[in-house]
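Each chain gets a letter, A, B and C, in the order it is written, and its residues are counted from 1.
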Amino acid sequence: MSKFIHYSSLTKKYIMSIAGFFLMMFLIVHLGINLFILPITENHEDVFRNGVEFMTSNPLIKVMEVFLFAAFIIHIIYGAVLQIKNWMSRPVRYRIEGWSHTSFFSKFMIHTGIIVFIFLVIHLMNFYLVKEGFTEALSGPVTVENNHDFYHMAINLFTNTTYSVIYILFIVLLGFHLNHAFQSAFQSLGWNHSRYTPVIKAIGNIYSIVIPLGFILIPLYFIFLY
Amino acid sequence: MNLTLKIWRQENPQAKGRFEKYDVKDISSDASFLEMLDILNEQLIHEGGDPVAFDHDCREGICGACSLYINGRPHGPDTGITVCQMHMRNFRDGSTITIEPWRAKAFPVIKDLMVDRFAFDKIIQAGGYISVNAGSAPDANVIPIPKENAETAMDAAACIGCGACVAACKNASAMLFVSARVSQFAVLPQGKIEAAKRAKSMVAAMDEMGFGNCTNTYACEAECPKNISVSHIARMNREFFIAKVTDSAKK
Amino acid sequence: MIKLDSKVPEGPIADKWNNYKSSQDLVNPANKRKLDIIIVGTGLAGAAAAASLGEMGFKVKIFGIHDSPRRAHSIAAQGGINAAKNYPNDGDSIYRLFYDTVKGGDYRAREGNVYRLAEVSNNIIDQCVARGVPFARDYGGLLANRSFGGALVSRTFYARGQTGQQLLLGAYGALMKEISRGSVEMYPRREMLDLVMIDGRARGIITRHLNTGEIERHSAHAVVMATGGYGNVFFLSTYAMNSNGSSAWQCYKKGAAFANPCFTQIHPTCIPVHGDYQSKLTLMSESLRNDGRIWVPKKKEDAQKIQKGELRPTEIPEEDRDYYLERRYPAFGNLVPRDVASRAAKERCDAGYGVGSTGLAVYLDFEEAIQRLGKNTIEARYGNLFQMYEKIVDDNPYETPMMIYPAVHYTMGGTWVDYELQTTIPGLFSAGEANFSDHGANRLGASALMQGLSDGYFVLPYTIQNYLADQINVPRFKTDLPEFEKSEKEVRERINTLLNIKGNKTVDTFHKELGKIMWEYVGMERNAEGLKKAIEEIKTIREDFWKDVKIPGEPFNVNPELEKALRVSDYLEMGELMALDALERKESCGGHFREEYQTDEGEALRNDEDFTFVSVWEFKGKDKKPELHKEPLSFEFIEVKQRSYK
C-alpha cells in the first residue's frame, strides 16, 4: 500500500489517466444503454432490459466490473492524494490568485470530481446496491418488478422532477470534469503533437458535450414529454 | 503617473509577513517596473524606512533573477517577458498594484519579495546535464543533428530558471522547468545516452523538493517569459514512461 | 616591489602551448583530493574551471553572489562565440583568428596568450556540443556560422540571440554534475570581501552571506578569481546590476597588480539612455550589424526636426541619409570593430547629426535587409532582439529603424596575469573578463565567451596544476589562523564604519555622480585636462561618500544597500585608477581614445615607440599614488601595422 502512495508523481498520473480513459469508455457504453429508456425504437424497453441483463449477468462483463470498480477507486484515491500534495505545495496562498490557467475547467477538477463522486454514490445506491440487495428501490408511479428491473427504477426516479433537475446539474458538472479530463489524459501520457493535439482537444470538447447531453436528454424527456 | 503599491513585507524567513501600502508619484511611463521600485526604495531610504528587497540582476530578461507576482500574475501583465523588461506603460495612472513573492513550499521567502530557488539547482544536480568531462569531446560536426531537433532543443533550453511556471501553477508544480531540461537533451543525440536515467532522477528530485503535481492547467506555458511550450512536459512524460517500462522489461 | 614575468614558453608560436603542457608539473590523482581550490564567480570562466578541476579530482569550493550559478552575467551575452573551425571554408585558420584578435586589440595584447586562445577555440566548440549546447545548425545538420565585427570570415557560432546563456548553461550543467558527485561544493549568495594571504601566498577568502549577513572564512591551497569586469564604475552600462569589480580590487590591494585599467569597451549598439531614473542599459547584439545599416541624417536640419519629433526617419529619402560607417570604412562597412563604430557614432552625434529626443542616438535600419531577405528571415535571425527592443522602447523595429547609442560593455583591463593566468600573488589566479590577458585595447565581438571558456575549460586546469605540484605536502589550512582573524576583523570594521556614517545621501546618488564623471571624462574620448579633472572630482566624491552616505538596515540580514555601498566604495577608487592609467597612456589605441592623439581623419593614433607595453599598477597603500610598471610587449609573429578597416 505504501508503495502505491509513494509512486512518483508521474507514475501516479499515468495511472490516473489510464483509469480515466477506462471510465470515459465506460460512459459511452453506459449512455448507449441508457438511451433506450427513451422511446427511440419500437422495442426500446426490451433493448434496454436486454442491455441491463447482459451487463449484469455476462461473466465477461462481471470481470470487467472488477476493473471498473478498481478504476473508480484508483482514480478517486489518486485524485485525492495528488490534490493533497498540491495543496501542501503552496502553504501560503496569494492575495490575488492567478487567472492564467488556460485550460479553464482544469482549475476545478477536484471540485467537480468530488461532486461527481457524490453523484456516483447516490447512483450506486439507486441501482447497483438495489440489485445487490443492500438498498431498497425508491417507489414511484410504476411498480418495480424485481431488483433487476432497472427500467422501472429509472422511470420512478426521473418522474420525480427534483431528482431530474439535480441529475441534470450533476451531469453538467461531469461534463466540465470530462472537458479537461479528455485532453489532459493524453498530455499526461505524453501524447502531445503539434498537429494532433488540437484535434484531440476538439474531440475532447465534443465528447464532453455530447456524452452529458445524451444523459441529460433522458430526464428532459421525463420532465417535458412523459 | 501616480500609483499605489501593496507590497508583501517580510523581515526574514521566520517572520510573519504582511502587506504594506506605499504611494509613488511622477513615475515616467518609460521607466521599467524595477526602476519604479528603485524610485520607491530611494524614497523609503530618505524617509528612514527599510527598502524593499527584491531579486534582480541583468535587467534584460535573461538571468532569471527577477521574480515578482504582480496583480495575480508572475512577471506582471505583459506576456513573453520578465518583470525587468516590463515598462510602466502597461499600467494605468492611479492604479493599485499588488506585488507578492513567488509562493511555493519549495521557494521559501528570504526577505520581502526575494525567494530562495535552490530547489531548481537540486533538480539539475540530479541529472540536468550530459556527463562528459572537459577535454574528451569529438569534433563538433561528427554527429549531424537535424535542424528541427536543434531548434526544439533550443526552444527548451531558452528556460531562464526564474520559476514563473511554479509561481503561476495552482499546484506549484515545476514540471515545465524540469521538462524543459529533460526535453532539451532528449532530442539531441548527445543527450540520448543518459535520457532514461535523467528523466527518472530529475522527476524524483522534483517530487522530493516539495513541488506539486501537474494537472495540465497550462498556466505555466501562459506565463513563461520565454514561451516554453507544454509539449516539453508531454515529452518528459513520454521519456519517463519509456524509462520505467524499459526498467520493468529488464527486471 | 612586484616582478613581472610573463612566463610565455619558448618556441615557435604554434608550439608554445604544447611545449608548456608537455613539460609542466602534474599532481597525481591521490594527491589531488588533498588540495583545495577556491573559485570566486560562477560565470563561464568560474563554472567551467570549477567543473573541470572537479572532474580532475581536486576539491573545489565555488562562490557566487546569486542564488544559482546560472544567473552569472555571462548568461546575457547574445551574439556568439568565435572559433577557427573554418567550417564555412572561407579561409579561416588558428593563425587568422590569432591575428584578427591581436589586430582588433590594437596590438596591446600578449601574443602567446592570444595564440593559445585561438588554438583552444576549436576544442571549446567540440566540448560545448558534447555537453548539449543547441548551437544553430543548417539544414544538413551541421553547425552554422555568422560574421562579427573585425573579421572578414564567418567564424561565430551562435544559439539564436542567447549564446552566452547556452554556453553558461552548458558549463553550469557540468558544474552541477560535479556538485552532485561531491567534488565541488557550492556556496551560493556569498560575496567575497577580502583575500587572505599566508606567507605571501593566496590561501583563502572572507565572504559575507548575502541572506544572513554572516561573515565566513574559507581556506584553500589556491584561489581563482573569475569575477568578471568592473564596467559598473560607469553606473550606466550593459553589466548586470550586481556585477562588480570589488573582488579584483581587494586582490589589488593585497598585491595583485592591475593591468590596463583604462581599456574599457564601449559597445556601439545599445538602446539609448532615456531618463534619469534609468538603472542600466540594454545591449542589442552586435550580430544585428550583419544585416542592419547604420545611418544619421545628412542634413543637420533633418536631425534637429527628428529630435523635436517633427520628422520621422522613414520620411527621410535615401539620398539624405548618411551611412557614415559604409562611407568611412568601405572594406568593413557596418562590421568595423566596436571601438571604431562607437567613436564614429559619437562623432556624428557630437557634430549635431544625432537622432532621438536627446540627439544622442543613431539609426540601425533593417529596411534594406527586410526587402532583400523578407521579414520572416529577419525575424528568424533577430526575432527575440526585435521583440526586446519593442518592449523597451515601444517602437516597432520592423517598421521604423532602431535607435542605438554606445554604452559601456566590457573591460579589457583587469588583474595582471602571466601565461599561467597567475597574478602577481602566488597562488592567486584570475580568469575570464577579470584578467587582462587576451584582448589588448579592444575586444572583438564573440571573443569574450571564447576567452571565458578557454580559461576555464582548457587553460586553468593545466596551469593550476603546475602551481599545486609543489603544494602536495601542505596540509589543509585551518581558518582560525591569525591571518584569517585579521582579515575578518578588517571586513567587519569596514562594514560597521559604513553603517555608522548615517549620512544623508543614498549609495546610488554617489554612484550616479561617479558614473557621470567617468562617462564624461573617461568614456569614449579622453584628454589630459579632463582626466586630471576626473581624478580630482572622484577624490571629492569619495571623501563625501565616507562622510555622508546613508545605508539603512542591519548588517545581519539581506541588505542590498550595504552590498552596493561596499562595491561603490571600491568603484570610487577604481575610477581614479582608470583615469590615472588613461592619463599616463599618451596615445590612442582601441577603446582608449585620447583626443590629443589622432590622425587627420580622426582615427586612433598609436604610439608604438613609447607605449607598446602593458600598464601594470601596483597598490602602494591608501591615499598613495600607485606605482606604474611596464610589461613590454614584443610582436615576433605578427607585423605591427596601423589598424585600418577602410
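What to note about this one:
One rule holds in what follows: a contact is a pair of C-beta atoms (placed from the backbone, for glycine too) under 8 Å apart; a residue touches a chain by one contact, two chains touch by 3 or more.
Quick caveat: nothing in here was measured; it's all calculated off a predicted structure.
Farthest chain from chain A, judged by C-alpha centroids: C. Of all chains displayed, B has the C-alpha centre closest to the centre of the whole protein C-alpha set. A straight line joining the Cα centres of chain A and chain B is 37 Å long. Chain centres here are Cα means. That of chain B falls 27 Å from that of chain C. The centroid of the Cα atoms in chain A and the matching centroid in chain C are 63 Å apart. Chain B makes touch with chain C in their complex at residues 11-12, 28, 30-32, 34-35, 38-39, 42, 44-46, 48-51, 53, 55-65, 78, 80-81, 85-87, 89, 110-112, 114, 116-118, 120-121, 124-126, 128-141, 144-147, 150-151, 153-154, 157-158, 160-161, 184-185, 188, 190-191. Those residues of chain A that touch chain B in the shared complex are 8-14, 82, 85-86, 88-103, 106-107, 109, 180, 183-184, 187-194, 197. Interface residues of chain B facing chain A in the complex, by the touch rule stated above, are 6, 8, 19, 69, 71-74, 98, 100, 103-106, 167-168, 170-173, 200, 203-204, 206-207, 210-219, 221-223, 230-231, 233-241, 244. Chain C makes touch with chain B in their complex at residues 48, 51-52, 55, 66-73, 75-76, 85, 87, 123, 125-143, 159-160, 162, 164-166, 169, 172-174, 176-177, 179-180, 186, 188, 211, 238, 240-242, 274-275, 277-280, 282-283, 387-388, 391-392, 394, 457-458, 461, 506, 508, 550, 552-553, 557-558, 560-561.
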